[in-house]
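Let me begin by handing over the structure; questions about it come next.
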Amino acid sequence: MVVVMRPGALEEEIAAVAERLRELGFTPHVSRGRERTIVGAIGDRPADVADLGLETLPGVERVVAVRHPFKRVSRAFHPEPTVVRVGGVAFGGDEVVVAAGPCSVESREQILETARAAREAGAVMLRGGAYKPRTSPYSFHGLEEEGLRLLAEAREATGLPVVTEVLSPETVPLVAGYADMLQVGARNMQNYPLLQAVGRVGRPVLLKRGPGATVEEWLLAAEYVLDAGNEEVVLCERGIRTFETATRFTLDLNAVPLLKLWTHLPVVVDPSHGTGSARLVAPMALAAVAAGADGLLVEVHPDPARALSDGAQSLTPGEFAGLMSGLRRVARAVGREVAQPGALPSRR
Amino acid sequence: MVVVMRPGALEEEIAAVAERLRELGFTPHVSRGRERTIVGAIGDRPADVADLGLETLPGVERVVAVRHPFKRVSRAFHPEPTVVRVGGVAFGGDEVVVAAGPCSVESREQILETARAAREAGAVMLRGGAYKPRTSPYSFHGLEEEGLRLLAEAREATGLPVVTEVLSPETVPLVAGYADMLQVGARNMQNYPLLQAVGRVGRPVLLKRGPGATVEEWLLAAEYVLDAGNEEVVLCERGIRTFETATRFTLDLNAVPLLKLWTHLPVVVDPSHGTGSARLVAPMALAAVAAGADGLLVEVHPDPARALSDGAQSLTPGEFAGLMSGLRRVARAVGREVAQPGALPSRR
Amino acid sequence: MVVVMRPGALEEEIAAVAERLRELGFTPHVSRGRERTIVGAIGDRPADVADLGLETLPGVERVVAVRHPFKRVSRAFHPEPTVVRVGGVAFGGDEVVVAAGPCSVESREQILETARAAREAGAVMLRGGAYKPRTSPYSFHGLEEEGLRLLAEAREATGLPVVTEVLSPETVPLVAGYADMLQVGARNMQNYPLLQAVGRVGRPVLLKRGPGATVEEWLLAAEYVLDAGNEEVVLCERGIRTFETATRFTLDLNAVPLLKLWTHLPVVVDPSHGTGSARLVAPMALAAVAAGADGLLVEVHPDPARALSDGAQSLTPGEFAGLMSGLRRVARAVGREVAQPGALPSRR
Amino acid sequence: MVVVMRPGALEEEIAAVAERLRELGFTPHVSRGRERTIVGAIGDRPADVADLGLETLPGVERVVAVRHPFKRVSRAFHPEPTVVRVGGVAFGGDEVVVAAGPCSVESREQILETARAAREAGAVMLRGGAYKPRTSPYSFHGLEEEGLRLLAEAREATGLPVVTEVLSPETVPLVAGYADMLQVGARNMQNYPLLQAVGRVGRPVLLKRGPGATVEEWLLAAEYVLDAGNEEVVLCERGIRTFETATRFTLDLNAVPLLKLWTHLPVVVDPSHGTGSARLVAPMALAAVAAGADGLLVEVHPDPARALSDGAQSLTPGEFAGLMSGLRRVARAVGREVAQPGALPSRR
């Protein structure tokens, strides 16, 4: 970090800053310009500069962080991309992975029909919510464990591995008992007990970006999971909160190539939440893959106008199949292929 | 809600929208203009319009919500302000309530010294973190139960009731065993299992606004707590995420008078997090009370430059005492008084 | 628009709202629910609801706009896409148009070298600033009319039509004397005298989105140009201001397919300003075309580390050539071609 | 600035960065940590780091600015506060200055009635728009020169000096012929030809913050006016664009005490635009003064529900009088007085 002193700061003020930096384990370097002095601090410890209170020392104008505060997720120290495997699916390799399914599991028929149609169109993974975090207490909150059972049944029927959201540390073992990959949702990106719990369980994690979180904060959330012992983390961009209200969120595709520079973890995109509107999902899905995303999460529902949640942003199976064929062309244009589902499980 | 049809929408498309609204329990009203038709939906059920998928019906241009989706927290249905009592302290009455203390409980000496200084300066409540949600896994995360014990000891010594944060549903009973008021932090504003857990325990709740959350979403989070059976909720504005990076967050004081129109719940402000800088805390604390806030949360530390967290935004006890005397003048200017601490507990 | 009355609003309050709407030229429709009444207003006049002051009438809770306030730019009333022609280049047709060049014209050598390299790599248009709006008064502000002359010389040499920025109404005729297309920059998106001036001159206009402007406000800015008599407007998304500071702006690619639904005007994307970082330009350029953009503006400089402005986001000619070949593949994947430059002008 | 090298950057890459910094007129200081090297650059020239293109040099990870890029407006080099005088009114002194009036001048009666009521209630300055920048081309755009004449007549009648907006460089002399203070509106904050034009005319300038502009960019806009020769600049906070849509803008009162640290220029607040709602104006006006604002701009209209613009946020004269009496109490509570209007001009 760099401590910028005010013009006219006293020598003893500069010395006190240097001394405090030494106490904190940094090596201070004082650089004197004609107008003002800056004190650089070199050290190995990633630190949150706001914690240190250096601004409160006399003569200090401001403190500027110069390094990323994350470590295990950093590409600087782990140049090779990480490949996260879920069933037969590999995130972060050459192939683009598409997970599809309804926002919420609503019934046996709905999830089986959607899973079959998704597989048919080329999805290699099934998404669907059994525990739904909802802005309003009066909205549909999911079928809970029954929803997990139905997801598992849909996996049996289609061979597609399942990703589903987990909302609290104490339900992590239950959800991990049914699901192949655990989703930490956008609202829980900084729910640290939950991050630690999914960090200790033997399941890959899909970590959605919080809509008010910077890329740096998001990577620090991933750092929690890695630090707890689980290196199988896939990051999912799903839109941030901005002043633009014509779309539900602003899908931050800049984050995709940026993350490729900063981290070795795979990055996928959710254009359904990132736009909030079915008519925008397909073009933004193509854009995400063109930008370098390793995969997509797409909401598909057999009858969006009768969905119990997120109908406005769900594709019909037919629309999804159309998207998949466009996607194959764009993936090839950027030197990749869209992953194909394996053979259907044989009837037992 | 209002469904706006596209110019040239067909009669059968309009009829299908009206029919679907009836299925959903609304009474549709069709209004035909020269250029386009809109279908209003009147009903008692608060609904999240994005869930309903009406935009996916043929001929629909967009769907606009016209009502607030909250109910129990609404001033429209509960015109009298709610007063929340914590020990001898009343939030939402005539007096302005000031809670002060360190970001984190760090040691017995630190918390006792701060509590005494805070009380001396006029604080009526002690704040301090025992379980700290931190952006980085490498930051100080609090003394946990030992921190709770020290807070209780500080309460014994000063008579100040204690507010402290709770991070997960399963620690709610433990924290409630020590604290007088449970804080749900900004990162957990949409942690619904936690909101439900604090809704079921017999303790007042301080609900901080998420930095990426609208006022409407914040009130829906409060609605969860009320819906779970706990009506003793105090809302705390603590700054939102904006493009302005000169301050840590943008303190949204507009929200204070807006909440007074929309809800009966008390509203307090945290100028420490809302600015991130000790030099800005006092003026923004005065501004908050001038805007109508029912109280303040202020970070105070005996030695901010050596704090283990949030040093940059912590006041010294001396600075805090200066703030309190300015605050008494501003409170009187807007027709209120600053609540005074009671007598010191007698030695046992 | 819809006027939402408070619960318990009096009959005379409802009547007064209806009466005021009639005065304003709307036809009011009163819909009574069990809890509250709403008054819909149907009319042909696009209106800014904030102007009308209806919220200040007794009994009114809030006023909600239901229609877009724009008209001439709207796809609802002009379903066919508009094709804007600049020299031999067509924006909004089947081909993807790429304009390239330096942020600022710095010297004869620099602009000629860049123009030749851009044409060589496949750009069909030359961009470059002669009048530069700069955040700081101490930055380089462009070569002004000399810069315009150099741009015209580069056009002679390469055959590429030129787009360059105009900063004030009084310089519109001068700039229009040299340039083929006039750029209204992001900072001037709501400079209405300038919009009217470019609306009255016979040159196509490139209208950049203001970094703090919604899509609706941007379209209203375009409406000014059309309303002044010029229908040849191309919209350019170049990133918006958000809390994310890891990139200079957040490129809002959601706006591309959204604009395709809302307006008949062509839409291009500037990934150089939209990311602020040369390493992110190529993936975001591909993403823009995958999302449906009709073209791109790309900053290219022979020696970015020695550019007088925007060096951090400029590609070298070699990097640009690499981008162009990727772009051709992605354009084809979405059913388009990248426009090719015509034959070099013969020496006179 | 500080150039952060990537881990493993080569010695020749570090040397090339140092060399390039020397070319740019900086003195480089290389600091080597165990993991990475940073190169600090000390120099007198304020520079926009994005211009320099240092990120494009091999081995560079990122470039971080450590100094403010402004100079003439900086408190660091001009510690005494500047007092800007307009007629008998002084901005930036001990007294709080209130300017009031309608959004637009609509008629002789309207402006005279409002000016008299504003003066009666204690306003010392008259605001009102003759040239109105409007988001839609179909909204009322002001009476133009006739509006200026009516403002001058209202000044004759009440003795209140007049502040009004100027939209383009070529109308600066005309507006300066009638007005006592020239307002540069939020949409024009980065209209540099306009900033230079008001910098060359002998009139104080009210510079509103752009809703998408950081405090640093706003101060750089003021720097343009000072650099052009006019030091009489008053800054006006009027709300920024955020994701919160319950209010028209988010009034950033943090900016008030922050500006007091960073600049010597006076700071006023416009709670009418900053909230967009008449019911929120009074509390936010009090808050602004409690936060340290040197004055206020308040929209007052004799009949807000019939205003031609901004009715929703305009106070009636009676509401304004109520605000003024509260304001006197809050100003005193923070050690100031509200400026009082002088004697009425005698009839000629």
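Per-chain residue numbering starts at 1, and chain names A, B, C and D are given in the order in which the chains are listed.
Everything that follows uses one rule, which is that a residue touches a chain if its C-beta (ideal position, glycine included) is under 8 Å from a C-beta of that chain, and two chains touch if they have at least 3 such contacts.
Everything numeric here is computed off the predicted structure, so don't read it as measured data.
*Asks:* Which neighbours do chain B and chain C have in common?
*Replies:* A, D
*Asks:* Based on mean C-alpha positions, I'd like to know which chain lies farthest from chain D.
*Replies:* Farthest by centroid: A.
*Asks:* Taking each chain's centre as its mean C-alpha position, how far apart are chain A and chain D in Å?
*Replies:* Result: the chain centres lie 39 Å from each other.
*Asks:* Using mean CA coordinates as chain centres, what's the gap between chain B and chain D in Å?
*Replies:* Comparing mean C-alpha positions, chain D is 30 Å from chain B.
*Asks:* With centres defined as the mean C-alpha position, give me the chain C-chain D separation in Å.
*Replies:* Computed value for the inter-centroid distance: 26 Å.
*Asks:* On chain A, where are the residues touching two or more other chains?
*Replies:* 212, 240-243, 245, 277
*Asks:* So in the complex, which bits of chain D are touching chain C?
*Replies:* 20, 45-57, 63, 69-71, 133-140, 167-170, 187-188, 190-194, 210-213, 217, 220, 223-224, 227, 240-241, 248, 276-278, 304-314
*Asks:* Sort out for me which residues of chain A touch chain D in the complex.
*Replies:* Its residues touching chain D are 2, 4, 6-7, 27, 29, 31-36, 38, 40, 42-44, 61-62, 64-67, 76-77, 241-243, 245.
*Asks:* Across the complex, what residues on chain A touch chain C?
*Replies:* Against chain C, the touching part of chain A is residues 212, 214-216, 240-247, 250-258, 261, 274-275, 277, 279-280, 283-284, 286-292, 326, 329-330, 332-334.
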